[in-house]
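The structure under discussion appears below in the form of structure tokens.
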Amino acid sequence: MSASKIMPLDLAIRQLTSDGMSLALGTALEGMIPFAAGHEIIRQGKKDLTLIGPISDILFDQLIGAGSVARVIAAWVGNVTSGAGYNFRRAVEQGQPRSIEVLDHSNYSLALALAAGAAGTEFGVTRSLFGSDISLNQDIFREMICPFTGERHLAVRARRPALTILHVQRCDSRGNAHFWGSSGVSLDAAAAADRVLLTTEEIVPTELIRSDPNRTFIPEFLVSAVALVPWGAHPSSVYGFYGHDDDYYIEYAQATKDRAAAQAWYREWVFGLPDRPAYLQHLDAARLDRLRLTHPALTIPVDFGY
Amino acid sequence: MSASKIMPLDLAIRQLTSDGMSLALGTALEGMIPFAAGHEIIRQGKKDLTLIGPISDILFDQLIGAGSVARVIAAWVGNVTSGAGYNFRRAVEQGQPRSIEVLDHSNYSLALALAAGAAGTEFGVTRSLFGSDISLNQDIFREMICPFTGERHLAVRARRPALTILHVQRCDSRGNAHFWGSSGVSLDAAAAADRVLLTTEEIVPTELIRSDPNRTFIPEFLVSAVALVPWGAHPSSVYGFYGHDDDYYIEYAQATKDRAAAQAWYREWVFGLPDRPAYLQHLDAARLDRLRLTHPALTIPVDFGY
Amino acid sequence: MDALISSANVVVDYTPQELMVAAAAREIADGELVFVGMRLPLLAFLLAKRTHAPSALGLFENGVIRDTAAPHGFMTMGDPVNLTYALKCTEMKEIMAYLQRGRVNLGFVGGAEIDRFGNLNTSMIRRPGEDGFVRLPGSGGGADIACLAQRLLIIMAHEKRRFKEKVSYITSPGYGDGGDWRTGAGLIRGGPKAVITTMGILRFDLETREAFLSSIHPGVTVEEVKANTGWDLKVSTEVSVTRAPAEAELAVIREYDPQGHWTGWRKP
Amino acid sequence: MDALISSANVVVDYTPQELMVAAAAREIADGELVFVGMRLPLLAFLLAKRTHAPSALGLFENGVIRDTAAPHGFMTMGDPVNLTYALKCTEMKEIMAYLQRGRVNLGFVGGAEIDRFGNLNTSMIRRPGEDGFVRLPGSGGGADIACLAQRLLIIMAHEKRRFKEKVSYITSPGYGDGGDWRTGAGLIRGGPKAVITTMGILRFDLETREAFLSSIHPGVTVEEVKANTGWDLKVSTEVSVTRAPAEAELAVIREYDPQGHWTGWRKP
């Protein structure tokens, strides 16, 4: 069958990312955020990226503070636990470390932009955002009259990220991924993208994927590379694996309130650590243990037999 | 919690259907077709219905042959096992037992019509059907230029059925339904509809539904009534329960080739049988046994714990 | 059932946030579909379910639908426990489609700034005469909820700098500049039902759509509310006192916020 | 590897349908995403996977994606066994979005009528001079596949009444009236690659987009093909003989069609 797409994360980022590209990340909202991949992008010094995501959590803030980003297309940029994203604010308000362009969306309009990208149309339509100043950006939104009823709709420009990075619970070597829980805009972000990188908690045989075809989220033909990265979404949660590290978010907010402190944070948590195993060691095992799930709630099997 | 929505099928059909209404059926394509509900509609003598479905199988043919239908909005009407639907042909070609209007779709354009209905927009957009005579029906399709790129798209008029009937594997008394397998356009058909009737193989406690929230397909707020109808989709298949009765489809084709024979078929299989238990008895137990699944393939549990 | 606390010299044994939660809960009717956020709105939803609205359902924009409280508290909607025994987990597009289709009865939104017609700003604050600006996180799902929910409930701290004559950016539209502005703007339904603040509850005139003070919280005066509002706030001729949370309500709120993270009833 | 059977007096040990399946399988390249129908296209896909295209994937429009043959035969794509050990089961909209996004390399379609530019009719037949018409089932997903797949493969019985100068209704567009008609019509890609019939294989001129006879099946003459075609069929100057199915290919086809339902190699 198909060749394996498994490769180390640093190699995957080297092969699949380039300066100036558009990148969708954090598409499941508060959970399943590919932090390990984001840190590797920072370490490799990528520049002028366009980031695409709905409520984009502190991974966007981290990429922005590292100077990797030229443009953000998002509905919300901040810290889901504590509120403001200070690197984001400094970039927008003061051009520190560089100025960035922000194309504001709402969550739904961003979902529709990616859904249109996934379906291969140039735009989607909504009845949201009328009367919101968000809709005034004519580069993203245009009013449109329904040809059947005359009702007013808003066209939303389609988005096709050059690369979407998703963190999943498990996938096979070809990129067929099981995902469970709430998925935000992840499937459309993957289907819209030119290429997809999966980081995964586990690599499993294809037989396991086929045992529950409704659980299959990403099919292999969307996927360019697979990187095995346990705990790759910390400090966000991975359903079935570990919880949301709220303390880390609060500590991050404290540590990035001013630019000098933020630089120390990058040294400690990104540049000072070569890879995710080193990150986990630095985080310390006791902390990881506290995040492990302690109350299992297993699904009840259904029959796909014949 | 909420009151139970469980009621006998005949009462549900009496309460939820009325002459002249639009009705989506057979939305999972070849499987999970609510035949029992359709037969009850015929027995209750409903008239002037508009039927909506993608590849609409012989249930449409049966409703048409019974004279219940004024209009069909579909991509395909026939017999998935043998080809032609003879009642459909007689109605269109000869006005027997009455003439019907057919609004032709493709599968995708019908899916988009229902998706737009589900999302509360007045139209959806596609790049399919250019050059097809199907797109010439200006009541359903209008050309539209992308306001961002100038590319040509086709607007598809949204459809909101007055009632969607779905057959599911299991649901609770409030209408929260698990569904597994391939679902065609069923979720959008339900979400687009003003009301939904579920017929189900099993009624289960809500705890079972909550044990696998990704398996939940229809949430209770869409559902008006639940009818427990084991084998309610025969002769189509129900994933996890029984196979497709190919012989029945072939026998049906033979039995409906001419109008007189078709009338005998209705007497034998619809009017002569008061309800589904009587139908199953007439079908005979040995035949049902042959359709039961014999090779289980159970899914492997995942953890929704904390 | 509950001892009303209606003047300042009674010992206040609840926090303003707890009062807001109780007031918000009362806006939820049984059987309703509620677009739930985190923090106070989530507590209000859970309180309503435990009191008068047991069959209300909660939607979370990441894709979760719940009919019961999660088996444990959580700080973000993406915590695994928010999925445990959920009624349905799906993608955001489906949740938002229910909203746009008109199926969501009530949504909650907050904001950094609000004006007299209930327009909210969560995007960017520019202050007249000042050079720079403050960049806020943005809409998230707020603008969608404000545009598309049947009714909107706004929950905010009542401060003069937040209650402004005009917001510098309309992220989530209220009633625009009043009257039937929403229809003219292209909106198909909805609008703010109430603004529940730390000092009182504002409602909107059915014709002009301007906010007016409908009730004041126990211990607060009308003058204090007006002094903390950046425009000449109209006051109902029948301004009432917000009903304080009952013991039973407080017990539920504290069960769901055991550390006081959101309501501050205990130092977290 | 295989003894070519190229004239009528050799004992034919395969059926025309088996030859069509073998020819269709050869059009599938390894790793491709194939929109699979039922009957001969499904057999062609399964044969390709067992021979030169082991990592091809099959899409079914009801929402199934498979990378392996189902563990047992089936007559409709909605049979439970078509879902057993599938790679993914989902809704139709997702499958069709992959198609519209341009990810599907090859799709199969059949038709009741075809014309010289590969336009197909599966909707309604009107015959000139006749009063009535014949209503066919309609498009299903055929028109979408014909519009949106990278390449289209048509499989049809070669009969004069089906191969017509002009179809009475274009359900699934081929090349319209030739040349760059597809682009002008608004189509963004695709078009028929070949028509595999019971008598031979037609391909399309890259400029005019008119069909020409590219190969004849063993035992069939060019004259017979022309006599069974409703227009003046052009013939390649290098018309070849279709390679007959090899023993190994026939073994695979018969394994997947043990009753001969679709290929008729044995009476079902």
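A, B, C and D label the chains in the order they appear, each numbered from 1.
Simple rule for what comes next: a residue touches a chain if its C-beta (ideal position, glycine included) is under 8 Å from a C-beta of that chain, and two chains touch if they have at least 3 such contacts.
Note that this is a predicted model, so its numbers are computed, not measured.
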Intersection of the contact lists for chain B and chain D: A
Farthest chain (mean CA position) relative to chain C: D
Distance between chain centroids, defined by C-alpha means - chain B, chain C (Å): 41
Centre-of-Cα separation between chain D and chain C, whole angstrom: 59
Euclidean distance of C-alpha centroids - chain A vs chain B, Å: 37
Residues within chain C bordering two or more other chains: 64, 71-72, 79-81, 83-85, 89-90, 96, 100, 148
Residues of chain A whose C-beta touches two or more other chains: 120-121, 126-127, 180-181, 187, 211, 214, 239-240, 243, 293, 295, 297, 304-306
Inter-chain touch pairs (all): A-B, A-C, A-D, B-C, B-D
List of chain A residues in touch with chain C within their complex: 28-32, 54-55, 74-78, 80-81, 83-85, 88-89, 92-94, 102, 104-109, 111-112, 115, 126-134, 143, 152, 154, 180-188, 236-240, 242-244, 246, 293, 295, 297
Sites on chain C touched by chain B in the complex: 31, 33, 54-55, 57, 64-65, 67-68, 70-72, 79-81, 83-90, 94, 96-98, 100-103, 148
Residue ranges of chain D touching chain B (in the complex, touch as defined): 60-64, 71-72, 74-81, 83-85, 89-93, 96, 99-100, 123, 132-144, 146-148, 169-173, 176, 181-182, 185-188
Contact set on chain A toward chain B in their complex: 116, 120-127, 139, 142, 144, 146-149, 151, 153, 155, 157, 169, 178, 180-181, 208, 211-212, 214-215, 239-240, 243, 293-306
Of chain A, residues touching chain D in the complex: 1-2, 118-121, 176, 187, 191-192, 206-207, 209-211, 213-214, 216, 219-222, 304-306
